[in-house]
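What follows is a set of structures to go through.
Two complexes follow with subunit A in common, the first pairing it with subunit B and the second with subunit C.
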Partner chain A sequence: MDATTISLRRRSLLAGAGAVGIAALAPSAAKAQAATPLRFGLAMPLTGSQATYGQDQVRAAQWAVDEINKAGGINGKPLAAIVLDTQADAQTGIQAATRLASVEKVPAFVTAWSDVVKAVAPIANDSKVVELSVGANSAEIAKLGDYVYTTFPLADVDITAVARYAATTLQKKRAAVLYINNETGTVAAEIYRNVFTKAGGTVVAHESYDPKATDWTGTLLKVRIAQPDIIHIQGLVADTPQVIAQLRQLGMTQPVSSYSAAYNPKLIQQLGAAANGVIATSLAPGVNNSPAVAAYVERWKKEVGREPNGLPYTQYLYDAPYLVAAVFKSLDDKKIAITGENFRTEMLAIRTFELPLTGKLIFADDHTVSKPVYLMEVRNGAWVQAAVVG
Partner chain B sequence: MEYFYTVVILMALYVILAASFNFVIGYGGLVSIAHPVFYAIGAYASALLARDMGVPVILAILAGGLIALLASVALALSSLRVSGDYLLIGSIGFQLGTLEVIKNLHWTGGAGGLSNIPSFLTQTLGPQAYVAFAVAVAMCTVLLLRWIAHGPYGRAMSAMRDDELAFAALGRNAMVMKITIFALGSGLAGLAGGIYAHYFRFIAPGQFDLLQSSALLTMVVVGGLRSTWGPIVGAIALEALPQAITFINLPPSVLGPLQGILFTSLVLIFMFVRPQGLIAASARWRGRQEEAR
Partner chain C sequence: MFSLPILAQILWTSLATSTCFVLFALAFALVLKVNRIFNFAQAAMMTVGFYAAYTVIGLAGGPGWLGFLAALAASVGVAVLLEIFGFRPLRRRRASSMFVFIFALVISELIAYVIMLVYGTWPATIFPSLFWPVTLVGPVAVSQWDVPAVVSTIAAIAALFAFLHVTRSGQFMTAVADNPDLAEFYGITKDRIHLITMIVAGLLTGLAMFLYGSRAQVQPMSSIDLLLFAIAATIIGGIGNLGGTAITAVVLGIVQNASVLFIPSEWQGFLLYVFLFTAIVFFPKGIRLPERRLARSTPTPSIGADEAGEA
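This part shows the complex of A and B:
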């Protein structure tokens, strides 16, 4: 045996060992390839004044992601949410959205709070990344550009329903509108005034208050002097119960209506008996309308020890990953690259989504969605469904 | 890459704001915290001129700076006659009042903010061009303010700030000097506002509130009051730090409080350990009382 033969044998041996090694590594590489997660962004307030609601919404979305992955993911690939904090602040939101689009390179991201949704719209449009607004209700959201869509009905849907309900079903003739002076309040207050007036009523007081206000006595006294027979409050989740409490303290016993921000178990805890008669809207089915929602609320009670803050909003957030997963699956089935442009095209091609907690969602051409409005009323210390509109 | 550009543009804008704020409160000794409102006036004026009146963006940005300058003269004429605490109260009032006006006007977009602001450079030459533009303006601002502060006018400013009575006794008009300092600082903040508006294309009154004032004040104090490079270091550090923290991937329950604790600790540490800031002012600018210590 000469040196060449030995060398060759060594080479063959090494080559053989290498081949075995590669062959051994191949399945795990294939597995890793298969396990590459399909990612989307979640830009929500995790800190700051809105964190209580943002954190519950993120928890709901994360539960949905886990459920999807437990059920096998998307054609075997796991779904992953990249969660970033917006503090419900436009500037922080811009930085989060820019990072999602350019660093994380997600094809779509979910966000909420009207200021943030509007501020990050140019980033979504420029980067061709789909922005899904889930929970913000400013009417302007429908006009923010080709890549901005909402899964949540905008202000005109529930405010129209509650104003009409007051004028026609409750036969109220004189309404007072008390609204927070920001995007959420001003636009919706105007919608309420127009709808209530068209339905034959008169808006006898149309008063705004500062978002940082902690005392509403002056504004409420103006409302009391106007002698309305119903008071509509268009505030935020945090201030609405306080306004109602002060209103009752001032001896105003008129029925109070609000919108989805007031539909919150905390409102009853905070107001006690004063909460009775408060009417709010919900844009998602409640525990009595859907066994899935009942099971979802039970899960909250079991795992977190309470109901979620802003239940309907968390339902929409829970459903958002299902929508994203459906689009991802469709793209993956068709072997189309998952980019923002393709995500948008496929989402519009599918157009109708059947979602677990909020039901059917259809994307309209004008970037709006329509949903039934559940009118809820506090009776004997509990939220009860008073009517369903639409 | 766009993320990097966004962070650099924000740093450049904060450099302009911190340097001009330092010019007003540090070099000029004018205790005002209304700086963000001139930033807002510049942003709104520039955005509205370009969006609703079709003014070319570059001219709109310059006009934004000019309008902020004129607004500051209006405030200065009424409130610089008083000084110290009264000026501080006057400036807070002006800031809150102006923001309330913006919130309640229909044509400013109200509380919901102003969107659909025309972009500049990014669509034609790419975001890099805008980065270069913002950085160039920031550098020119710093050099201009340094040139003024270190020249004969700077010496006069120092004299006026240290002893207004002696300064007036020398036949100099302190009021005119105060208005000039205030107008220049505020005009530069307005210019930064215009640059912000045409890159981010959305502005809302909440972005220019008292929280923004405290952020700017922290940048200037931590960086070093009355020094050329201090506010720049402060602006860059305090803009980069929160961004860097988010990349650590800490849970949100830790991240939020951590950011708050970090900022508070920084201010406290600097107050006790290094009151002169990261970069100390040169001897001439330290003031008589500090010199005597």
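This part shows the complex of A and C:
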């Protein structure tokens, strides 16, 4: 039993995601199994407060690994993911990245959550192992060093799109920005203010709220006094529906925009008619835009009995092994040793990847990627696509 | 910016939303006053109470009243288990109050992780919808959640007051709070009173968590954050002073909400810690109004005091 197997088993059990581990051990194409596996790391939260997302994302990535191996692997060699738990915590992430780079000696690893991505960047740079950030969106991720790349559009992409859409397409002139007082909230709120102002609008209220707040009356009344014609909320999954509910209860009927955290079916269930007019973003095509995504969501319903938590994020995680496999294949074809340095060089040489669930990805020189933003709006109790930007 | 309708709205909504915190704080203050335990494990009682109601209503589709009873039963159940298998043996072993506090802290984290493994970390609400329709009373928006929350909290406080002052057990609780050794000398069984106190705290916690989970999303770790507010209210209100604790919980809610009209919103969360710091440094026995000198002074636990050896 090799390290990969041990790692997969233990972490999967820890996470209570036994199915993922079993899937990893299941035989795929016989030919692919016979050869030495080509390994990459997957450092994600399997336990802790973000485990609900992390476990689903790992499951998605593991499905992709299995699909690749079923199709014969990489020139007959199986692809293997070494899954380690980060708990979405910087310190735990550092331990995981150190093990991947120093013990497992993988040429590349996939990770997410801004705090973790930033904390492990020095390890990736020092060890010359490629760190692929898949899901974190802090703007700083583009500046973390030569070996840190993102496959996920950074915060400015969807916030820019939604702010520009409000000012130009919806012709809104007075926006209020309500944001959670942490790094994610403050940076994104600033981006919204800059873009909306540049597009000709005025931000009439720019108010934060405490991450532990349970009542937003004072802040919302301050926003109401400013008489905005659109309200942008930059919160988290847990607080955004409550802020919208209280906002509507206080008689504020303006359109509300948010970002990908608000784009989930539960928001409509929680808010009922009050959800109508809420605009959110999605950074990946939905079931209506892509048959592959529709089939993917169906697979979730069939095998897991529900849709994945944070669907777009799982789409990116599903695509990550395909990207890694493409680089491995190119190196293998050219008989180049699979090291972190060579992985990076080859990835940038290929530069454009056609991925199954999120479409085309092009690595830009400034370590960012640009992808279309899908603006979703709640109309008559359902999410519908309002526009595609970019 | 500061108009009468705005003030009225802030006062009303803050009053309504602070009801849960009043009950959390009362449960915490009661256990501290009578059992002399800094019961951080109340977070476990809150978490289990919420998830019991969520299981009955949110997952099984059961009626609201059944979910409410489940919340009460679960919170009381955890409280009883804590007292019988945790606090009582520690008391008999004459464990220091710091040791008991660490035990309570560990229990609250342990339960949160167990709940996380069972229910996951996705935020949950007791009822599928967290939007409560609103009626305008003059310029003030009053939601359908507000009135039942205020009425049930007032009823719970009245019941607690009556229990403490009218019933035999309640009077014994006051006696144990005043002087445990003297109470025992007069034939009061301390263990029984400690258990009753935990049961009352469990009932208050169950009610509060049902109210809170009816309008807000809860995650397994949420209760620990909610409890911090209750602890702040207990300290500022005067440790051992139930009335002061309840009033402080309401006032803190109003001040936090209203403050945003005068200070930058980034400072709103910071305000609670300013109050807490001020109270601990300048008013370690709480902020008290001038009162008539009582014939008999009532000793109350103070921050950092070690009651080892009292049992």
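By our rule, the second predicted complex is superposed on the first by the 356 of 390 C-alpha atoms of A that agree within 3 Å, B and C clash if a C-alpha of one lies under 4 Å from a C-alpha of the other, contacts with A are read in each partner's own complex, and residues count from 1 in each chain.
Here is the rule we use: a residue touches a chain if its C-beta (ideal position, glycine included) is under 8 Å from a C-beta of that chain, and two chains touch if they have at least 3 such contacts.
Only a predicted model underlies this, so the values are computations on that prediction, with no experimental measurement involved.
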item: First, second, both or neither for A:T281, with subunit B first and subunit C second; value: neither
item: Touching partner for A:A51 - first (subunit B), second (subunit C), both, neither; value: both
item: Partner chain(s) touched by A:Q270 [first = subunit B, second = subunit C, both, neither]; value: second
item: First, second, both or neither for A:T214, with subunit B first and subunit C second; value: second
item: Subunit B versus subunit C as contact partner of A:P122, first or second or both or neither; value: first
item: Touching partner for A:N181 - first (subunit B), second (subunit C), both, neither; value: both
item: Partner chain(s) touched by A:T358 [first = subunit B, second = subunit C, both, neither]; value: neither
item: First, second, both or neither for A:Q234, with subunit B first and subunit C second; value: neither
item: Subunit C-contacting residues of subunit A that also contact subunit B; value: 48, 51, 181, 211
item: List of subunit B residues in touch with subunit A within their complex; value: 1-4, 6-7, 10, 103-104, 110-113, 115, 119, 122, 200-202, 204, 206-207, 243, 246, 252, 255-257, 259
item: Subunit B contact footprint on subunit A (complex, rising order); value: 46-48, 51, 55, 58, 83-85, 89-91, 94-95, 98-99, 101-103, 114-115, 118-119, 121-123, 126-127, 138, 140, 144, 181-183, 185-187, 211
item: Parts of subunit C lying in touch with subunit A, wherever the complex brings them together; value: 1, 6, 9-10, 13-14, 17, 116-117, 120-123, 125, 128-132, 134, 136, 141, 143, 212, 215-217, 219-221, 225-226, 228, 253, 256-261, 265-266, 268-269
item: Contact set on subunit A toward subunit C in their complex; value: 16, 48-52, 181, 207-215, 217-219, 221-222, 225, 237-239, 241-242, 245, 248-251, 269-272, 274, 309
